[in-house]
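What follows is a structure written as structure tokens; I'll ask about it next.
For reference, chains read A, B, C and D in written order, and residue numbers begin at 1 within each chain.
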Amino acid sequence: MRIGVFCSGGDAPGMNACVRAAVRCATSMGHEVVGINRGYQGLIDENFYVNSAGEPRMTARSVSNIVQRGGTILRSARCPAFLTEDGMLKAVRNLKKHGIDALVPIGGNGTFRGAAELIKRWEGRVVGCPGTIDNDLLGTDYTIGFSTAVATGVEAIDKLRDTAESHQRLFLLEVMGRHSGFLALYTALAGGAEFACVPETPTDIPGIVRHLEQLQKTGKKSIIGVVAEGDEEGGATILQKKLDDAKCTFSTRATILGHIQRGGSPTPDDRMLATRLGDFAVKSLDLGATGVMAGEINSRCVLTPLADTFAQHKPLPSELIDLLDRMSN
Amino acid sequence: MRIGVFCSGGDAPGMNACVRAAVRCATSMGHEVVGINRGYQGLIDENFYVNSAGEPRMTARSVSNIVQRGGTILRSARCPAFLTEDGMLKAVRNLKKHGIDALVPIGGNGTFRGAAELIKRWEGRVVGCPGTIDNDLLGTDYTIGFSTAVATGVEAIDKLRDTAESHQRLFLLEVMGRHSGFLALYTALAGGAEFACVPETPTDIPGIVRHLEQLQKTGKKSIIGVVAEGDEEGGATILQKKLDDAKCTFSTRATILGHIQRGGSPTPDDRMLATRLGDFAVKSLDLGATGVMAGEINSRCVLTPLADTFAQHKPLPSELIDLLDRMSN
Amino acid sequence: MRIGVFCSGGDAPGMNACVRAAVRCATSMGHEVVGINRGYQGLIDENFYVNSAGEPRMTARSVSNIVQRGGTILRSARCPAFLTEDGMLKAVRNLKKHGIDALVPIGGNGTFRGAAELIKRWEGRVVGCPGTIDNDLLGTDYTIGFSTAVATGVEAIDKLRDTAESHQRLFLLEVMGRHSGFLALYTALAGGAEFACVPETPTDIPGIVRHLEQLQKTGKKSIIGVVAEGDEEGGATILQKKLDDAKCTFSTRATILGHIQRGGSPTPDDRMLATRLGDFAVKSLDLGATGVMAGEINSRCVLTPLADTFAQHKPLPSELIDLLDRMSN
Amino acid sequence: MRIGVFCSGGDAPGMNACVRAAVRCATSMGHEVVGINRGYQGLIDENFYVNSAGEPRMTARSVSNIVQRGGTILRSARCPAFLTEDGMLKAVRNLKKHGIDALVPIGGNGTFRGAAELIKRWEGRVVGCPGTIDNDLLGTDYTIGFSTAVATGVEAIDKLRDTAESHQRLFLLEVMGRHSGFLALYTALAGGAEFACVPETPTDIPGIVRHLEQLQKTGKKSIIGVVAEGDEEGGATILQKKLDDAKCTFSTRATILGHIQRGGSPTPDDRMLATRLGDFAVKSLDLGATGVMAGEINSRCVLTPLADTFAQHKPLPSELIDLLDRMSN
């Protein structure tokens, strides 16, 4: 088999580890790998990874020393052209032209939507890997990049806490998550924050203010709150204003992490997950699977139809919401 | 209930997060918490945590700002005295004297052995939490501290790789693990090492040398191997000599991480696990559980009889051993 | 001598190392130390650090295990009350009441302005230490906290670069610095950014756009720019808009670091500087110095009159501005 | 001019930043750069860096995105062949053959010894840059890589302290430094260690034991000592035994950092220093300098004859030795 590998959509730490695993599994099984640069755009543009011997082919050596790198050596892109019938047909022509039998797209729901459309027009096989910091895909407990993004948020909290303790303040940390509160909730729990505002549950501002007053009475000197950018009450800047208006007794500062969360050397967890899934995706292709995403559920590698991974909202574990409450007394 | 919390045995990152969770869960439910310093030794010596108001009691405020700290504010110790009947009876007397109804010991198999003996002589309840970097306890997928110890090892590999790449060398990294290869195997996988030597499987030195020769032929410039201190062929220093004797073509350097692996701010994963388990241990005590360890299996909190956690060797996942092989071509 | 030590104004990483050094130097010389909580406010409120023996006194043991901690165990505060004659006289009364002979204030220009006023009304001695991330004080090459704040900014750039490389983008990173470009310039240089916008020099937006176009022609795939919050063209968000309006060909994203820069474990450099200056301040007091700040110039400890440290704008080294230009071709 | 750049000897973090600066300064001035792989060995083997266009030439783009990377993209090597007359003449022939007019060798005293010999046989110019973690070269306050190696050691101490505090132990940390105590002394000071054993001063074991007993009486719970591998009493393992034999009351553990200190992303300080010196070396070549090393003294770039950089032992600042004493009461 000749397997094409690419990354698409927002990049996520661990994508390189996933590419590495796919390539090394494939070469260990005797398959060939073509690296496609810049996602679907590269498929349309015939933009392929060229190895040190000048060939458009990835070998085990092409992926040496990348397991620890953030970003992706194949570069990622969003590709509006691919959403058109024309774009898709051009991609299919190029797949045929270059003798590619199968694809391992690494990305999020946009990537898989595209892949699901592609296989309607192409007889090759597709097994995707979930690469997104949002952890908003069904079919896997965690997505590649989520662990590192949480670590980045937690590290920010650890730093804010130094100042918060010194100055008796409330810090609001805004993390990514337009529709999903996973990043905010996990960052809050692991960071020891007092509350999290997530899109999935109503944010009760007077309730927060009362809760903080009570904490202050017990001697609590500083407060950290984590806010998902997509919280229905608004991001950290708006929330800061609303808390001030609601006469919150703590002096409040907002901090916005932004794209920093997408970068950084992947955590061991992300590398492990990426390695297992990149490997499993190729093994699954080898066994004939197609139209599915490789995921890890309860420590076991599983396949889920692409369309099922983004069909529904991945629910936040309610016991973790309760746990955060219990931890902030 | 009046609940005693302590840490015992080798310390592990995340113990503080576990203490915090136990305390906050307990206070949120109306229980009292006594912090016992220095493990079983502190129980024998009546050495209790004293809060800022001068009382021998932990409040929600006693555990502020510790979720991110390595080590343990209750300090840990190994306690030979406790292994004697005298020691144990003294501990029991002190538990009664101070009106302690239940215990949350945080530690490894030595800690739980002690706890299992204790409840034969005391009518109080015990729910333990697995705090050890070795991940060698059954009844939980991971132990508190393992994730951070892996991260420390992986970080070391990332640094060694810089030099290995620059100089074309083989670096052997020795990690902890007298009887268990979990740390070595996970560190190798996440670090992108070429091989791991673990106590559970025979280490085939001529085989390693042949494998490295093949890698060199493909253009591989540097090699990292991870060695568990308890590997049957010996630690990194001995292995280095054996590889040299077997005419390994790479110039070899050994590095020994030692106690560095026990320290450091816990990873988000360790904080999450510690928080969940500390909380779950107290909730389980509240529901009447005793003689068990709180663990997490397949993302769910579960209880396992103390004796079952150390009765058998926790097996290394064989699919991860295979995966490492596949990744090092 | 009975020496009072306090931190005032915005907190800075390394303040704890400075407190530790002042305390240990003082105790090694036979002086007594009183820790004053929350800066000038604590002086007015008689809010003193209480050691584990319950005494309002800092011993060598009071500062164990804090050299590595961000924030300050004495907590910092801004104190409007101190700016009034009443506040100042109350502070003087308390200094006399508690037999304090000398002060080591750790802070920035606000702190030293206060101290300069104080010694007009009090016969005790004052030797300050420069603790501010802004590096905007004369009389020292660097201030305590600057090195760590640069490191935090550089780490952010390293993460942004992962994504920038993957997506071919321009990232603007806003760092602190209302009136001073030190943080922005050093962060840009050490981070390998393409440009820095600082309050000290005019920001030429069409010039930046032309420069980026040229870089793009040479194959440059991603751009990082560092913006001081006090740049005369505005912070990162405003600059992003202006670059878009000027038809910058790179897709631009703004990121705002905020208070994260104040936290974190101090770098070795900040710990060294803080240790040297805290020690030198006490030795200088012992020798009779007063009304001065301890600083380090050309690796040597020196004293500068308090008023001279904030009388003029500390100029950016112009050779570093040229260097950044040369590095971004 | 056609300038050859290479790294030689033990690699040091910041070498990449130095290569980048030399390249970009050169290209900004209209010079050409040839990257020589693997130090003097590559000069003998005509092993040159090949850019993405397939040419043996480094452009500004060749050094994109490397400022933050440990190791060196040009790889380093020790080269016994170069020490022979034959090797040296071969190198000279190759320099002429490839039209190289000048060299920027980045390395330590071995590198500069070689360069000093080379210019006796070759009419080209040489301006070196000090790249070594040992900081053992005269003509510069600090060498490139020293700051990062200190940071790695300090980070290790921060982790050991967690366990030391929890268990009341003495940890000995062995750092590199066969003949020089800079790394050990700075690591000890910034890490807050209680003592440092360096080759430059006699290590008084009974004195250490007495000092530690006194500290224990004041309530000190844990001790960290830093040992240079070249201390005259031996490395950490031997010292551990000697302390035990001298009846040290603390339970002692030895840890050996090894090559980990050579790796890691360079600190901002190392990047700044490397950037300034790489740039300054090229500018100096352009102005006609030769036979010298570029260094930074008192924040100013200066040139020192190559032979003077290794002619004498670089002395440890005695005031820092005193400072460490004062800090450990």
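Note that in this section a residue touches a chain if its C-beta (ideal position, glycine included) is under 8 Å from a C-beta of that chain, and two chains touch if they have at least 3 such contacts.
Chain labels with UniProt names: A, B, C, D = 6-phosphofructokinase.
The model shown is predicted, which means the values in this text are computed figures rather than measured ones.
Of all chains, A has its CA centroid at the greatest distance from the CA centroid of chain D (6-phosphofructokinase). Centroids built from CA atoms put chain C (6-phosphofructokinase) at 35 Å from chain A (6-phosphofructokinase). With each centre defined as the average position of its C-alpha atoms, the distance from chain A (6-phosphofructokinase) to chain B (6-phosphofructokinase) rounds to 28 Å.
One simple way to say how far apart two chains are is to compare their mean CA positions; for chain A (6-phosphofructokinase) and chain D (6-phosphofructokinase) this gives 38 Å.
Multi-chain contact residues of chain C (6-phosphofructokinase), defined as those touching 2 or more other chains: 158, 161, 165. Pairwise chain contacts in this structure: A-B, A-C, B-D, C-D. Looking at the complex, you find that chain D (6-phosphofructokinase) touches chain C (6-phosphofructokinase) at residues 17, 20-21, 24-25, 27-28, 59-61, 64-65, 67-68, 141, 147, 150-151, 154, 158, 161, 165, 186-187, 189-192, 218-221, 265, 267-269, 271-272, 275-276, 279, 298-299, 323, 326-329.
Residues of chain C (6-phosphofructokinase) that touch chain A (6-phosphofructokinase) in their complex: 7, 11, 13, 69-72, 75-77, 152, 156, 158-163, 165-168, 171, 253-260, 262-264.
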